[in-house]
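Here come two complexes built around chain A, the first alongside chain B, the second alongside chain C.
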Partner chain A sequence: MSYQWEILRVNLSSGKAMREPLNRAWAEKYFGGRGLGAKYLYEELKGGVDPLSPYNKIILATGPLSGTIVPCSGKLAVISKSPATGAIVDSSIGGTFASQLKFAGYDLLIIEGRAKKPVYVNIKDDAVEIHSAGHLWGKGIGETERALHEKHGANTAVLSIGPAGENLVPFSCAGSENRQAGRGGIGSIMGSKNLKAITCSGSKDVTVPDMLRFLELIKRLMHEDVLSNTNQWVYLTGTPMIVDMSNAAGILPTRNYQDGMFEGARNINAERIQNLRPEKRACFTCALGCGNYLRFKGGGVEGPEYETLALAGSGCGIDNLEAIARFNAECDELGMDTISLGNVISFAMEMTEKGIKDFGLRFGDVATYLKMPHLVAFKEGIGQELSLGVRQLSQRYGGEEFAMQVKGLELPGYDPRGSWGMGLAYATASRGGCHMSAWPVADEAFGKVNPFTIEGKAQMVITGQHYNAIKFSLILCDFWALSLDTMSQIMSCVLNRDVPVSELEVAGERIWNMLRLFNVREGFKITDDSLPERIFKDALKSGTPAGRVLPREQFDTMLQEYYQLRGWDREGIPTPEKLAQLNV
Partner chain B sequence: MKLILNEEKCTGCKICELICSATHRGVFNPEKAHIKITFNDIRTASEKQLKACTLCLVCMKNCPAEAISFNGKWLMVDSELCTGCGQCVDICPEGVIHMDNNEKAAVPDFCQGNPSCIEWCPHQALSKAESAA
Partner chain C sequence: MSVATIRLNGLLAIGIESSYPVSFGKKRIKLHTVLSKMTVEAPEKAVAFFAINGTRAVKNDWVNDGDIIDIFPVVTGG
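So, the complex of A and B:
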């Protein structure tokens, strides 16, 4: 019920696929998605494994809600050890893959080993086959997907990588249906395994214990909650709405975080995108539909989303919407994370303009900017160096103080100098500079909480991290702003037992500690829970946060308060008592 | 009666397929739905098409057991007569007839006049029209 109680394990070295029962005890404690994937990865990997070696694994995790009619439950979590950070990464992707995997009869898919030659894995219910992907190697994600649709049917979900993943770019992604598991280099992990794609279609039932009661609940939630005004922005504008919000709050990354307000913001905001009349698209069983499909001469793109507009737009000093859309489309096809590549380019632009190292890139130079995705994905020319990512580039050439990354993962689009809690969220996120662990910016820069104080922020970040940990484990999309109480109602119905809010809160904390344990085993230390120097030293220039930094002493105090509230020691290691209490 | 899709409003979320199989079969399984939304290209969700009963009555006309009938609004199956041969499943041009758990034909009945897909569509992309066969 709700689970299929089965996982599929495919070993690419031996070419064998095996079905095995889902670990019920773990499912009870970690549910699915981010949490259950992290638990499996922690238990199955040895510490210190090279992320691009055959010993790393990729876990594709659905959750108890996948395949059901619960709105916004179409996401798949991809969990592995990241080559960009050496930390655990979980990256989620929408579309239809998660539901197809569930309909095929699996809660989890675990990929291990390394194929000798390029392959793709085809899953059709119980039948699992490994096919040669020699003819697909070198092709873009869309091209690969179309070829595999032709062969296996249009209803088959395809998760694939592009040339960037094949060439082991550390910020390469996997894509499906114009969406991406973007962060942490999932594409390169697949590439290192010679795994071009996974295709999946299923015809099995997904069931719930009491269908009538379940439908009654979901119908009520659909009208009272999902389709209420709170969530309407998702459909009406989608994430580009945040451009104006960030700019107004003075936290829109501009020219590699040298400023927080961009003079060209109005050229790349939601209004401009809506004026182009995008087609609206939703993931499987999403009642909202955040996708804006834009067409331009010679192509189209689902997006650009806010993060792309920020990092590959204002971050690079570019306010040409069509250029950003083309850049976005190319990154999607080549299989690269636009957040990281945007950061890499803007870092190289600043390095060039400051005369530290000439990459031939300048802020606002559209023509050169548009050449970068190809050069980086194929590691040609300066792309060879840019493909190192911001951290390694700065270690090699300097500029470390404005290398905008945490733990090796480039920062997303919310400047923490104007949202101090967000700084703590970035510093403590398990996958590095990440906006999907907690999002205090909603209350600070976009809300009523004073962004320029550390008071109460440690608790705010912790609460957010637990909330997202459980939400991304069930697995639900970020964009449905549902309460823990609503989650509790859904889960009680789906599991046919009382699942109180307190249980979800504890599970969220357990999952967070699990992620931390993984990174502790990999040798991460308190010094890794930090932020780029620029955040501590260079004041923002515009708007409300003008003149502001996040002072380092204040940050350190906030971090210690965070550890203490978490029941971790002063070095940020979970204490045995805390782990016992949480039954990790 | 027939179902009509407003392509502009449809986001391709497939909630219609899920509610159909849930209502009729008590499970979530798009393969068992009497409605399908297909795309020319799933990547862009372009050229959406609705697959649903058009009341062409090909199934009824070709049923060797004469188990399928038409009441003027929707199809019905006499499960006493149905032999479970599956001809209707194969012949349905829309692909929306299936075999049920008892190996009898499950034919589209527009939820007896109040299709749950219309009720559940979050963007009011589905509507119904009365029409004679």
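So, the complex of A and C:
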């Protein structure tokens, strides 16, 4: 079986590491990644724990496919309680860390407690050591990675934080190999534990029951599915393709969501990025290679991805591609989520221009914009205030109606006024304003479904949430658009038993309910399943959605339909009957 | 003679010119008529939507002389 059936638990307070068996019953029901990590966190954390206290835990979860040659299975899920939202957060990261953790013999790594001084954890198969990281504290993610590669070898995977995580910025991230576990403040949780980095290398086998059957399946899937035209956009352009699409659909966040079309979109689109002849990069076992690596004078960056181009580009009124790439590179090195920081800056720009609070930031002002990553990561000057995030900033100074966040997590790059189902997806996502729980925008603003109706949207969002819940629990990358039937074929082969589509569908729903239970225990209510006032009140100005809001009464109706279809009560609480039915 | 430019975006342009003109005799014609004049075929399944001059359009919209028509591919994640 492709599981290693072992967990590694590292307690930073005691300095002890323990191996323990993976809970087989949970693995059967939640598989791995997002689902299994959520189950462990729910069972091990008491409600109300301060996310930055030693009592919070960080779970690094692989899946049953990690470490195998299943295409696009190289991702790692990082699960914890978010300091940005107080909700559960799961953030996935590509690269080689997940496979190395599996090769070292572990399905999950659970970090708990708090070290007295900065440390890093080094895992090499059965040997687990905690080393001082005093010499690394203050260094950027790339710099840390290079130093640890030098010490432990270039094949050692390194997951680390930068100064933003050390300084407990609530939207700081962890990074590895130019990729990030970006959302929800994973970096600050590591920082609060004085955990600078985790290094991992392994030499154990990851086995499958019937290798010949497995190889035949992978060969067929590569030819018929992974490398089909459906997925080729990922390699050819990657996510920057979406800039022109969002702009044409009128949903590209522009100047803090004041508009949905940006006059400078053509300067930051896929064509401009391709003209710079980016190098392509891929994660372990990935055949698609989504990463565009751009070089500029004095540096380089893997990206910018669509979300960065939208929130830190058009959102801030910036159409200078090199400036966005530099901003992106600095955020990656300092360890910050570009979606959240882009939102924070654009919010501060609007506050300044509206005369509510002068942050000295104006839309399109490249010079000041480029100073922000450093100031925020080190909490210097106005960076001290901006590091609060959009929600807290608006609570302190006003502008709550255009603070573009849900549950404290800043919104990604699809304006819900032009894609009403996307509004429901944001409002109900367990980690807050999130585009990785469901992506109905593909069928609405970019597809053939009417984006300006609530009809059918509750079911569309639920189906998407279940699909992604199971996909990110196996774990497979978002960019392989595989069917549940294909997932069923892979899992049946890898687990050597029949894993029908119906089992995956139920597991997806079970995982979603588990995420919900965590948040209910933390006190989240129906009022948290909402959207910024701007979405309900300020009409978009351009393109197809010009003149549109998402009417609040329609949103409320859609939300109630969503609860009802889920078998939850009118307050959005899973009913005992539903939980029993799902065997949660 | 009026001329519109068709741009094929992303994977729709693999191995072919990504941009080419389509001419028509009238001042304006419907988008579906322009599309029927295309010299290359974009598979229906691979097309997400169309835009005229950067704004999403439907096949019944008018195309004028000098317009730019974008054809966007299906994308499956952001």
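Definition applied: the second predicted complex is superposed on the first by the 584 of 584 C-alpha atoms of A that agree within 3 Å, B and C clash if a C-alpha of one lies under 4 Å from a C-alpha of the other, contacts with A are read in each partner's own complex, and residues count from 1 in each chain.
By our rule, a residue touches a chain if its C-beta (ideal position, glycine included) is under 8 Å from a C-beta of that chain, and two chains touch if they have at least 3 such contacts.
On a predicted model such as this, the values are computed, not experimentally measured, just so you know.
In the overlay built on the shared chain, the residue A:Pro412 is in contact with chain C alone; chain B does not reach it. Look at A:Ser502: by the touch rule set out above, it reaches neither chain B nor chain C. When the two structures are aligned on the shared chain, A:Ser228 is found in touch with neither chain B nor chain C.
Within the superposed three-chain model, A:Thr453 lies out of touch with both chain B and chain C [touch as defined at top]. Once chain A of one complex is fitted onto chain A of the other, the partner contacts of A:Thr96 are limited to chain B, with no touch recorded for chain C. Residue contacts after overlaying the shared chain place A:Gln564 against neither chain B nor chain C. Touch criterion met: A:Ala248 reaches chain C, while chain B stays clear of it. Residues of chain B touching chain A in their complex: 11-15, 18-19, 22-23, 25-32, 38-39, 41-46, 120, 122-123.
Residue ranges on chain C touching chain A, taken from their complex, read 9-11, 14, 43, 46, 48-49, 51, 54-56, 70, 72-78. Per the touch definition, chain A reaches chain C in the complex via residues 229-234, 236-237, 239, 241-242, 244-245, 247-250, 261, 265, 270, 306-307, 412-414, 435, 439, 441-442, 445-448, 478-479, 481, 542-544. Within the complex formed with chain B, the chain A residues making contact are 67-69, 71, 96, 103, 142, 145-146, 149, 154-155, 177-178, 203-208, 211, 215, 219, 222, 226-227, 235, 279-289, 291, 293, 300, 302.
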